[in-house]
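You will see subunit A twice below: alongside subunit B first, and alongside subunit C after that.
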Partner chain A sequence: MITGFLFRALDKKAIWVALALLAVAVLVPLSNAMLPINHPLHVPTHIMALFGKYLCYAMLALALDLVWGYCGILSLGHGAFFALGGYAMGMYLMRQIGTRGVYGHPILPDFMVFLNWKELPWFWFGFDMFWFAMLMVLFVPGLLAFVFGWFAFRSRVNGVYLSIITQAMTYALLLAFFRNEMGFGGNNGLTDFKDILGYSVQAQETRAALFAATAIGLAIAFVLCSGIVNSRYGKVLVSVRDAESRTRFIGYRVEHIKLFAFVVSAMIAGIAGALYVPQVGIINPGEFAPANSIEVVIWTAVGGRGTLIGPIIGAVAVNFGKSYFTAAFPEFWLFALGALFVATTLFLPKGIVGLFNEGWTRLRSGREADRAEETLQPGTEAAE
Partner chain B sequence: MTEKLTKSLLYLDGVSVSFDGFKAINELSLTVEHGEMRAIIGPNGAGKTTMMDIITGKTRPDSGTVLFEGDIDLTRHDESAIALLGIGRKFQKPTVFESHTVEDNLELALKRDHGIFATLFTDTSSEQKERIDEILETIRLGHRRSELAADLSHGQKQWLEIGMLLAQDPKLLLVDEPVAGMTDAETIETAKLLREIAGEKAVIVVEHDMTFIRDLDVKVTVLAEGSVLAEGSLDHVSADERVIESYLGR
Partner chain C sequence: MRLILFLTGLLAMIMAVTGPVRADEAELRAAIAKFAEATKFSETEAVIEEIAGLGDPAAATALNELSEGQVMVRESDGEVFVIRGKDDNVQLLDPLTLEVVGTATEDDLRKIKIKNSIRRMIADVVSGLTLRAKDPKIRMQAAETIFSRPDEDIIETLDAVIAEEQDDRVRQAFIDARAAAVLDSDMSEAEKLEAVDILETRGGRDVLPILTTVSNSDIATVAEAAKTAIASVEERLMFWAAGQNIWYGISLGSVLLLAAIGLAITFGVMGVINMAHGEMVMLGAYTTFVVQEVIRNSAPGMFDYSLAIALPLAFLVAGTAGFVLERGVIRFLYGRPLETLLATWGVSLILQQTVRTIFGPTNREVGNPSWMSGSFEVGEILITTNRLWIVVFSLVVFAILLIVLKRTRFGLQMRAVTQNRPMASSMGIATPWVDAFTFALGSGIAGIAGVALSQIDNVSPNLGQGYIIDSFMVVVFGGVGNLWGTLVGALTLGVANKFLEPYAGAVLAKIFILVFIILFIQKRPRGLFALKGRSVET
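Up next is the complex of A and B:
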């Protein structure tokens, strides 16, 4: 049963991707730590940190693609799940600061002391324990997705309407988290982290470990998604995307099918956010910005939606482009991103991966045609 | 409710539904017996598709009784629940899962546990695979089993959809305009196919094509303006003056 799931999950493609990610998880930190700085294969710490960030984005895009590419649910609010996972991790990191804060309070984070709060709000309890925080990384985005999806899918909210309410959801959270009274640091968010599991977040070794954890996390998420989409459940997801009412009339509970994918996707997004926060050193309400969620859609579309590798390639490629552009021509980045999205929609509906697949097929059929011609040659001569 | 109100498989009585004041179905009453095949004809807009929408839970009637197997009130269930009760439906416009193969389309429709857990973890058994082979043979698509449904011809898509109904193993099949857009040869084959299915399962066929109805050779119900105008053999209803006036004469 579970073995059947794993067997389906680890098809040829998934094995290659997982192995590649594991190789990255080992080799990049090794090169960073072992090779001398002037060695051509040395990966500097800032580059490793940058790519660690990209891999978090890739995991977020993978999560989005599970619901959008496979089930047709265009969520414009996935940034919210990412941010919630990030906040859960941020809360753990805040509790690790202890007396090292500016005000030196043993329990309360600085911003609470600043607001004259006397004790820790109830929802901060337990976050000093890593396992509890990690549970919340999964639970909070999962619960939000469950409640939201329960109502939306049962009332059969579809298409543009669903996209709009997901966007409203992340916007509402943005406004809520901006408020100081919410107890999440308001405008400034959570920052000035010191330790994670007892290791300094600034230390090079910790950064390397976080990078490796992200690459491994992405590999696991990939295999999980591969198992899901290769199962009969995955085929039902695609059926819902292509002919929702047909799926209902066969006897599938479409609202349950959607809800499950939505919750799993939100949890993956939450993990991505949790891996992101210690690497960038801050989480603030800006992560809930509607524009962030829209960017995830663009990465996925550019990479190729409805494939599992597409969103990963898209997220890394577009963000690499963004880093380059914002350094070279900062004012043009948004235009470039917009143009990229329009061009993809018009000319590359299947994204970068679609382009490769097409090229590959053409190459192969070309070769086959050549071979066919060769074998035909004698026959045609004989006929003449 | 313990006693059965009717022995019929499907029992509609005094069913009405209106859309923005327009009565699409008006005091419709109809019964279909176990294993019976029934043809339903009627002019465009007579309410044939709407009637199927009511039976399959897509549309709720404003008033009236809709019973399945004597005591199941269909108006209280939704589409997927009704499908699981044993009512299969072919749409007027053929709808198959275009990005799945012919075989996968049938595999997905197969009657079994459709829950999340089962769909994630259980494999298709060898009996189920045999059943798929049988259906492929019945719908004459064995040679195209691993092709995408999108690549089928219009007529083949209609057959695949009927095959999906068979895989569902329902007690009642509702088939909306199965031969629309088919060639003559395909039409004849389809009539044969439906006759093969009937007997074991009850079938309601909606169709415009009179030669096709004649080929089926079953009891005919004529629908007009949302209610039953006449019922009986095709010859009997074609002789009815009101039928001629409202439909056949035009």
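Up next is the complex of A and C:
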């Protein structure tokens, strides 16, 4: 069964994407470490770090695409899962600081000493162990998605209502994490990390390894999503997106189908957050901001929802544009982003990948291409 | 003694504001000048009595300085000064105005000697002067000052003024102050019991510390009476606190109502979630700012009318923006609500950045017209005038909107389109134009909400963002397509928020409300007042 899953997952173009990501995972760190600095193919460390960040965003967009593009659930709160995964990783990194903090307390992180806390809150226990933290990276976003989705899908909250309450969820978490009493560093979040698995997070080798891990993680997530959407379950998922009531009448438990996709998506988002935090060196409540989650939606839309490669392209492209614009024309970034939202929804409903596919189908002729497009793109009813 | 100082300060402050109300300054100066000849205590006392006889509150300053030993006579010409500093560097101050009029060395000056009995006499005279001031406001404030810092010595003076006082409210304040002073003294049990009674009737948070002190007193009956009084006062306070919370809640609810009502229309009729709604509010607020700037520069006298001028303009500005948004973007996206949501979010970013580019990222100052500033009290409830106006305003807007929807042709068409679009269309209603004008109306309402919110919030490019999530919550909670649902939703959420705040803190209260709404939507996915019929079953 697993072979079958993998076989279907790696069919068509998927295998090329996965291989390309693996190649990036190997070649970029190699070029960074081996090639001399003035070599034309040398990748400077800061560029590698930047693209490491983009790949994390790509993973988040991929997670969102699984529920939005294939299941029609527009989550405006995926940033929350990303941030929760990030916080789990951040807590592990905080515990690794040990006595090197400003106050030199062997167990308590600096901000707890500052707040005069005497002992570690119960929910911080276990985070000194890497495996436990990694488990929590999956478990906490997964649990939140499960509980939230369980209630929401069971009572058939869908469409814009679901979007709004996912936004309310991330907003509530934003407010909660801003509170010092929560025990997650309040306003400042978690930062000042030193080690990960015994290696300094600042070291170039660690950064290269983190980059490779992110690229490999993205490749795995991609293969996983590809496997899901190409399986029989994936077909039902698409039918839920296109005609929810009909699917229900045929006899499928729509809420279970949605719930599974939602939880898997949240876990992928959690992993993306966990990979993100050691690379940027901080996690704070700002990551929960509703605006961030909506931005993820636009990455996915720009790249092309309902395709798995689309969100990856979209996330990297939009964020590259953001880095460029905010440095060169800080005034215009919001204009550009806003225009991107409007233009994408009006003129590019299928995103860059859709545009590319259309061009491709025009080159090739006939029914075969039309059919391919039908299966690749969501129908117009998808949004309802 | 600090009480006297305080009273004097208070007096000086009031004098500065209200201007001179003194009977005859020359007479007073002449009386003060007599200190120069007073070499014996008895003579000094006589002078003080003479000053007291003039009944001019302005004398309080000089008398108080005298009590502090800061009044001296210049040996050379026998003039009387208040002094500051010592040794070779002494500043001479006018005894009435406390303005510096010269310098001298200590050797040139002779201090007017006083003793404790004179200090007490001065204290009585000074409080008598303030308590007998002509302006009832000053008397009232004097009584309140004594109440908050009761002093045994003052009881006699109070007895005297209570007998003389004509104004009922001021007399009551004197009686309350006397009761507080009685409880602070060693007067008889009966007197004290009566005082406890008076304080219990007065109520309020400030009687509690006095009563608490009394409840520890040695006299069992008085202590017992104080304890009962505390319980009764606290009960009343709880009642008032609840009232205050309701008021705050209504006030918050009215703000939510203003912000959400336009959204309710656009969402209700078209099923469009307009993420740029908050920016329409912001446009309204900035319109107010521009109107006020123009008025400040060209006709400052018109400032009190600025809001009245801004209201129609804000409606037009935001309404036009909404109209353009509908015609330019949203109409291509009907039937795709999620895409509409994204596109309008993009528009909101563009509008924010536009305003930021034109007006700058910082807060702009929008002034309150005079008729909107100030506050008053109803019982123990403090009501600020601007909040009151906003509550009234939001209800007026609500009523007007209700009339438009129920009594006009346009409203009829709007409701028809809401309930059954294809049928309305086949009856000859131009649904695209109804959509466009509905959207313009909703946005225009958001614009006038912006005028109101500019009075209580910072006018910055991010103004709208703060309201958008709350507005959604109100609309979704109240039920789509139903204005009454929006009203009930806004007020419920506002009041619930304010009632949770004292127990949970502002942030946690907000989180609770959000979680509550998330759970509520699970239970009733279409809100409190769900629209029944086919149209909602998409």
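Please note the rule applied: the second predicted complex is superposed on the first by the 365 of 384 C-alpha atoms of A that agree within 3 Å, B and C clash if a C-alpha of one lies under 4 Å from a C-alpha of the other, contacts with A are read in each partner's own complex, and residues count from 1 in each chain.
Methods note: a residue touches a chain if its C-beta (ideal position, glycine included) is under 8 Å from a C-beta of that chain, and two chains touch if they have at least 3 such contacts.
Not measured: the values here are computed from a predicted model.
In the model built by aligning both structures on subunit A, subunit B fits alongside subunit C without clashing. Within the superposed three-chain model, A:Val157 lies in touch with subunit C and out of touch with subunit B [touch as defined at top]. In the overlay built on the shared chain, the residue A:Ala14 is in contact with neither subunit B nor subunit C. Using the contact criterion defined above for the overlaid structures, shared-chain residue A:Gly251 touches subunit B, although it does not reach subunit C.
Once the two complexes are laid over each other on the shared chain, residue contacts for A:Ile294 go to subunit C alone; subunit B is not touched.
When the two complexes are superposed, the chain touching more residues of subunit A, out of subunit B and subunit C, is C.
Using the contact criterion defined above for the overlaid structures, shared-chain residue A:Leu340 touches subunit C, although it does not reach subunit B.
When the two complexes are overlaid on their common chain A, residue A:Ser231 makes contact with subunit B while staying clear of subunit C. After superposing both complexes on chain A, the closest C-alpha pair between subunit B and subunit C lies 7 Å apart. Chain contact summary for the complex, subunit B toward subunit A: residues 56, 58, 78-80, 83-84, 88-89, 91, 95-100, 104, 107-109, 111, 114-116, 119-124, 164, 168.
For subunit A in complex with subunit C, the residues that touch the partner chain are 74, 148, 151-152, 154-157, 159-161, 163-165, 167-169, 171-172, 175-176, 178-179, 290-291, 294, 297-298, 301, 331-332, 334-335, 337-342, 344-346, 349, 380, 383-384. Subunit A meets subunit B in the complex at residues 1-2, 4-5, 228, 231-233, 235-236, 238-239, 242-243, 245-246, 248-254, 256-257, 260.
Residues 271, 273, 329, 332-333, 335-343, 345-350, 352-354, 356-357, 465, 469, 472-473, 476, 507-508, 510-511, 514-515, 517-519, 521-523, 525, 538 of subunit C touch subunit A in their complex.
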